[in-house]
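I'd like to ask you about the structure that follows.
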Amino acid sequence: MATSRTVELEGHIIDSGMMQRVFGLVMDMGGSFHVETFEVGTRKDETSYCQMTVSADTEAELQPILHELHQTGANIADPVDAQLEPAPRNQVVPRQFYSTTNHPTQIRHDGEWVEVEQIEMDCAIVVEPDQADGTRAYTKVLNAIEEDDLVVTGEAGIRVQPPERPRDASGPFGFMQGGVSAERPSESLIEDIATAIVETTESGGDILAVPGPAVIHSGARDDLARLVDAGYVDYLSAGNGFAVHDLERDLYGTSLGMDVEDLDHPRKGHKHHIYTISQIIRAGGIEEAIEADIIDEGVMYQCVRNDVPYVLAGSIRDDGPLPDTITDAVEAQNAIRKQAHEADLVLMMATLLHSVAVGNCLPSKTKVICVDINQATVTQLADRGSGQAVGMVTDIGTFVPRLADEILDA
Amino acid sequence: MATSRTVELEGHIIDSGMMQRVFGLVMDMGGSFHVETFEVGTRKDETSYCQMTVSADTEAELQPILHELHQTGANIADPVDAQLEPAPRNQVVPRQFYSTTNHPTQIRHDGEWVEVEQIEMDCAIVVEPDQADGTRAYTKVLNAIEEDDLVVTGEAGIRVQPPERPRDASGPFGFMQGGVSAERPSESLIEDIATAIVETTESGGDILAVPGPAVIHSGARDDLARLVDAGYVDYLSAGNGFAVHDLERDLYGTSLGMDVEDLDHPRKGHKHHIYTISQIIRAGGIEEAIEADIIDEGVMYQCVRNDVPYVLAGSIRDDGPLPDTITDAVEAQNAIRKQAHEADLVLMMATLLHSVAVGNCLPSKTKVICVDINQATVTQLADRGSGQAVGMVTDIGTFVPRLADEILDA
Amino acid sequence: MATSRTVELEGHIIDSGMMQRVFGLVMDMGGSFHVETFEVGTRKDETSYCQMTVSADTEAELQPILHELHQTGANIADPVDAQLEPAPRNQVVPRQFYSTTNHPTQIRHDGEWVEVEQIEMDCAIVVEPDQADGTRAYTKVLNAIEEDDLVVTGEAGIRVQPPERPRDASGPFGFMQGGVSAERPSESLIEDIATAIVETTESGGDILAVPGPAVIHSGARDDLARLVDAGYVDYLSAGNGFAVHDLERDLYGTSLGMDVEDLDHPRKGHKHHIYTISQIIRAGGIEEAIEADIIDEGVMYQCVRNDVPYVLAGSIRDDGPLPDTITDAVEAQNAIRKQAHEADLVLMMATLLHSVAVGNCLPSKTKVICVDINQATVTQLADRGSGQAVGMVTDIGTFVPRLADEILDA
Amino acid sequence: MATSRTVELEGHIIDSGMMQRVFGLVMDMGGSFHVETFEVGTRKDETSYCQMTVSADTEAELQPILHELHQTGANIADPVDAQLEPAPRNQVVPRQFYSTTNHPTQIRHDGEWVEVEQIEMDCAIVVEPDQADGTRAYTKVLNAIEEDDLVVTGEAGIRVQPPERPRDASGPFGFMQGGVSAERPSESLIEDIATAIVETTESGGDILAVPGPAVIHSGARDDLARLVDAGYVDYLSAGNGFAVHDLERDLYGTSLGMDVEDLDHPRKGHKHHIYTISQIIRAGGIEEAIEADIIDEGVMYQCVRNDVPYVLAGSIRDDGPLPDTITDAVEAQNAIRKQAHEADLVLMMATLLHSVAVGNCLPSKTKVICVDINQATVTQLADRGSGQAVGMVTDIGTFVPRLADEILDA
C-alpha cells in the first residue's frame, strides 16, 4: 500500500525550471505523482500554481523524495506547524533535522509563518519561540548547535522560495541555468559588471571582495587598491598568502615573489616572502606596520586607511602566518560568514578556496561575480544554486585594470 | 669597481642542468662570470668540477645572485664558517637569514661541515653548537623560531646538493625536468608505480597516502581500504571532507553524497554529510564510532584497525568538522610535517590543497607519485624541485582499482 | 499593433524542460505569451498539451522567436502546408530557409505530414513532391543544394520532436541536462557502457568508433584492436594521424612516436612517423601493405581483416598523408556523414576534431558515448542537444583496456 | 665490440642546455660517452667547444643516438660529405632519410657547407648539385618528394644550430625552457608584445596573424580589423569558420552567432551562419561580396581593402564552405607553408588547429606569440623547440583591444 503526501508550488514555476525539476526528481527517485490542480499563469507576469500528490511504496522511500522536493521549492501543503526537537548535545543535531538550502525560507510555528534569519545552506534551523518580538527562527551551522536548541526536523511546516527568473532580462545577472556567460563579448560584460558595482555602492549596498594571490602576481594590485581607496570595496576576504604577497610587493618591489595561486615557485624570491612575514610580526601586525611607515601602499594599506574590515584566513599551505591571520578554520569560517551575510554583491577574483568558503555562506539572493582564468572554477562557483551569479573566464591581470578604468575613469 | 665571489660546483653538474642554470641565473640577474677551472667528467660515471668567479657592479646586486646560485647547488668556495645571528624575537628572523631549499644541505661550523637535519624548503637553519653529540643544525619554520635561536645568515659556509640525474634510468622515477610522464602508456606506468610501492614497503620504507574526496566519489574507496588493510599505507594525510565522505558511505550507502573535490553539490545528499558528522561527534570521534560499531568498513576504519596514524586537517570550507580534525592551520601543518618527514614515498591522489601542504614539507629525495585528472595539478606537484617525482594524469576512479589489483592480486 | 501566432507543444513537455525553454525564450527575446490551453499529464505516463499565443511588436521580431520556439519543439498550430521555394542557384538557399535541428522532424505537404529523412542539424530540407512512393523530404547540407531544389522556408507546417525524458531512468543514458556524469563511480559507469555496446551489437545495431591518436600513445591499441576483431566495431572514423600512429607501432615497436593528440613532440621519433607513411605509399595503401605482410596487427589491420569500413579524414596538420586519407574536407565530411547516419551507437575516444565532425551529422536519437581526459571536451560533445549522450572524463589508456575486459572477458 | 663516433658542439652550449641534453640523451638511450676536449667559454660572451666520442654496443643502437644528438645540435665531427640517395618513387623517401629539425641547418657537399633553404621540421632535404649558383639544398615535405630527388640520408655531413640563449635578456622573447610566461604581469607583457609588433613592422618585417573564431565571439573583431587597417598584419591564416563568423557579424549584427571555437552552439543563430555562407557563394566570394557592398567592415573586409593575403583552410567540421576556402588539406597546408616562411613574427590567437598547422612550418628563428585562454594550448605552442616564443594565458576578448590600444593609441 503506497504512502503519499500533497505538495504545492507557486510562482513562475515553469520558466524557473521548478516544475521540471519536481517531475524529474520524483521519477529519478522511484516515486510517482498525480497533479491535482494546475493553474498556469497565462501571461508572463502571472504566476502559476500546482498542487500534486507524490507517492512512494513506503514511507522510507517517500521521505527522501519529499526532502529533495522541498529543497526545490515544492512545499508540503498541509498547513501544520514545523516539528521541533531539542538538540541532544552540543554540536549534535536530532535525527531528521531539516538541512537548509540557500533560498529564502519560512517555517510555520503556532500557525504563523516565521521568516528564517541569516539564511545559508546546509545549516539547521533553530527556533526560539515566544521572544519579546515574537518567535524567531535562524540558521546555525553544526558546530554552533548547543544542547537543547530547538531544531526543526522533518519537512512539514517549511516553505522554500527559490529565486525566480527575472521578468526583465537586462543587466549582467541573467537567470543562469548552469553555465557561464561565455557568449558575451568580454568588453561589454566588464562594462555591465562595472555598472552593477557602481549601482550597488550608490544605493548603499555593501561589496565584498575575495581576491587570490594572482591579483598581485598578474600586476593588478594597484588597480584593486584604487578601487578600495575609492570606496568600492566594503569588506575583503582573503588568505594569508594574498596579504603577504601584497605587502611584499611594497617592501621588495615588483621583481620577485611572483607566482600562481596555491603553488609558489619553490625557490625564487621565497626568502622575501618569509622575511616580509617576519617584519610584520616584528611590527605587531599589518595596521602597526602601516603606522610605523613600513607599508605605505597596496591593497592591505588601503583597507586599513579606509577602514575596510578584512578577514585573512589561514590554510595548511601558508608560510608564517601573519599576526592578522585567523589560523583556526572554525573561527575563520565564522568571520567569513559574518562578512558574507552583510554583502550585497561579492566579487570573487582568482581564488577557488576562498570563493568556495564565502559562497557556502551566501543566501541565493546575493549577487555574485566570479572571475577566473579556469573555466571549471567559474562554472562551479557561478552555478551553486544562485539566482544572481555571473561568471567570466578571463585573466585577472587584464580584468581588474579594465574594471577599475571603467568604474573610476568613466 | 665590481665586486666578486668565487663559487664551486661538483658532481654530475652538466647533465643535471646545474651548469646551465648557473650560467643562466648570472646572466638573467645582470652579473657576469669567469670560469677559473672546469674539469669535465669524461665518462658518464665521472663527476665534473667547476670553479668560477661571479661578479656584479655592487655588493647589493651580487647578494641576490649568490643566493640564487646557492639554491641551485653552486656553493661559495671560501672555506669559512656559516654566519650565525640570534633571532631578535619569537617568530622573527634576522635580516639576511638563509632560506633553505629542499635539497640535502650542510653548514660549516668551527671548520667542520654539519649536516642540516629535517631538511625542508623555505625554512631557516638553527644551529645548536657544542651539544653532547657535537654541533647540531636543523630547519625551523618561521613560526617556530624562538628569540635567541642562532640562525644562519648570508650564503657563506653552506653547501647544497641538488639531486643528480640517476646514472641508470630504469624504474618510474626518471629525472623529470619539469614535466609529466604523458609519454608513458598508462597500464605500464601503473605497473611501475605498483612495483615502487611494493619495493618501498618490502624494504621497510614508509608510504604516506594523501587522498582527496574524489577517491570516495569515484568509487575507489574499497580499493584504497584494501591497500591500507594489506599494509601498503603507513600514514594518511587528508582533510575533514575526505574522512566525512568515507564515513558517510558506510552510514548511508553509495547512493548519495557524491561529488567533485572542494565543491559539494549544493543540495543533493548534503544532509547526510552533516548528519554523519553529527553522529561521529556524538560518539566522540572516529575511533570511538568504530568501537561502538557505528562504522565497520572503509578507509578510516582500516586506518584505525591497522594503527595507521592519520592527520585530518581543517579548512575554511569544511562542514562540522569531525572531532578528529585539527582546525588550527599551524598545528595541522606541524602534524603534516611530521608525517612528511617520515615518508619514503608519497602517493598524492586527486587533491591539490593537501598535496601542496605535504609537498611543502618534503625533502627533494623523497619519492612522490601524483595522480590527478587535471594536468595542471599534476605538473605543478611533480615539478617542485623534486628529483624523484612521477605524475600521472588520469581518473582516480580507474587508477586506484588498477593499482590495488596490481599490488594485491599479482 | 502586435502580431501573434499560435503554437502548440505536446508530450512530456514539463519534465523534458520544453515548457521552461519556451517560456524563457519568449521572454529573453522580448516577446510575450498567452496560454490558451494547458492540459497537464497528471501522472508520469501521461503526456501534457499546451496551446499558446506568442506575440511581438512586429513581424520582424516575431520571426526569430518562432524560429527558436520551433527548434525547441513548439510547433505552429495552424494546419497549413510548409512553404517551398526553389533554390536560386547551386549551393545557395532561399532567404528564410528552414534550418534543421537534429531532432526527428516532419513537414506538412498537401495536407499530409511527411517524415524528414536523414535528419541532421543545420541543414536545409528539400522536398520532392509526387514521387512514386509519395512525397519525400530529406536534409541537404548547403554545398549539396542544387539549383531549383524545393527548399522549405519559414516556420509553418513543420513539426519537431525533441527527445523526451525516458520514463525509466535505468542504463547509462540518462536524460542529461547539460552535464557530464561526474557523479557516477568510474567502474560502474564502464560496466554500463560495456552493456550498452553489447546490447547494441546483439540487437543488430551498428557501432561507430571515433578514436584519436591518444588511443595508440596511451597503450590502448591492442585492446581496441581486440574489440574490432570481436565484432564490436562496425565503422571507424578517424584522422590520418590515428592511422599512421597505429601502423607505426607495428613497424617500429612501442618505443617511439608517442604523444598527445594534435601536437606531436617536435623531434623524438618523428622520422619513423614519416617513414611509416612513406612505406605505406610505396605499398599503395593500407590494404595493400597488409596483403604484402608489411602490417600484421593493430587497429587498421583488424579493420581490413574484418571488413570494417573506415574513413580517414585529412587535416592541415597532417604529415603525408596516407594514400587512404581523404584530403578534401567536403568529400571527407560526406564520408563521415554516411557512417554517422548508419550508426546506432557512437564511441568517441579522445579526439575533439573528429568527434565534432561526426557529432555534427548525428540525429539526436543516436546513442553517444564520449570519453576524454579533458572535461571541457566531454561536456561540449555530450551536450549537443542529444537525448542519449553519456560523457566520461577519464584517461583513455585505462578506459579502453577496462572496457575490452568487461566486454570480452565477461 | 662497441662502435663509436665523434661529435662536436660549439656555441653557448652550456647555458642553452645543449650539453645537458646531449649527456642525458646518450644515457637515456643506453649509450656512453667520452669527452675528448672541453673548452669552456670563461666569460658570458665567449662560446664553448666540446668534442666527445659517443659509443654503443652495436651500430643499430648507435644510429638512433646519433640521430637524436644531431637534432640537438651535436654534429658529427668527421668532415665528410652528406650522403645522397635518389627517392625511389614520388612521395617515397629512401630508408634512413634525414628528417629535419626547425633549426638552421647546413649540409656538406663536395667539401663545402651549404645552407638548407626553407628550413622546416620533419622534412627531407633535397640537394640539387652544380646549379648555376652552386649547390642548392632545401626542404621538401613527404608529399612533394619526386622520384629521383637526391635526398640526404644518414647523419654525417650535416650541421644543426639550435637557437642560443640571448646574451641580453631584454624584450618579451626570453629563452623559454619549456614554459609559459605566467610570471609576467599581464599589462606589462601586452606592452612588450605591442613593442615587438611595432618594431617588426617598422623594420620591414612581416606579421602573420592566425586568429580563431573566438576573436569574433569575444568582441575583439573591430580591434583586429583596426590592426589590419593600420598595417600591422601582413598575412592572415585562418579557417572557414573564422571568416564566416566575421562576415556574419557584418550581415546580422552582434546579437547572434556566438560561440566557442570548434563547437558552435547547436541551435542558436546557426541559420544566420549558413545563410551568410549562402550569400557569399551567391556573390562569388568574399572579394566580390565587398565589391557588391554586401560586406563593408570587419577583418576580412580590411584584409581585402589593404591587400593582405589570406589563407582560409577547410576542415571536416565546417559548414559550407565559403568559395574562398581551400578544402584540400594538402593544398591548404602548402598555402599556409608559404605564409609561414615569409613571416618574421606570428601572432596566434585562440585557435589550436590553425596554430599547430602554422607552427609546423616555422623555422625556430621566427618569433611566435601565442595567446589562448587554455594554458595547455599555450604551453604546447610556445614550447615547440622555438627559441623565440612567448605564450600568454588570457582572454582573447580583453587581449586584442588592449593590444590595439597599445599599438594604435600610443
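By letter and in written order, the chains are A, B, C and D; residue numbering begins at 1 in each of them.
Note that in this section a residue touches a chain if its C-beta (ideal position, glycine included) is under 8 Å from a C-beta of that chain, and two chains touch if they have at least 3 such contacts.
A quick note: this is a predicted structure, and the numbers were derived from the prediction, not measured.
Contact count check for A-B and A-D (C-beta pairs in contact): higher for A-B.
Of all chains, the one whose CA centroid is most distant from that of chain B is C.
Chain centres here are Cα averages; for chain A and chain B they lie 33 Å apart. Distance from the chain B centre to the chain D centre is 38 Å, each centre being the mean of its Cα atoms.
Our note on geometry: chain A versus chain D, Cα centroid distance of 46 Å, whole angstroms.
Multi-chain contact residues, meaning those touching two or more other chains, occur in chain B at positions 260, 375. Residues 14-17, 19-20, 23-24, 26-28, 32-36, 38, 40-44, 50, 165, 167, 169, 175, 177-179, 375-376 of chain A are the ones touching chain C in the complex. Those residues of chain A whose C-beta lies close enough to touch chain D in the complex are 182-183, 185-188, 190, 217-220, 254, 258-260, 265, 373, 375, 393-395, 397-399, 401-402. Those residues of chain D whose C-beta lies close enough to touch chain C in the complex are 67-68, 71, 88-89, 91-93, 95, 97, 99, 101-102, 121-122, 124, 141-143, 260, 262-263, 266-268, 270-271, 273-275, 277-279, 281-282, 313-321, 327-333, 336, 352-354, 356-357, 360, 380, 384-385.
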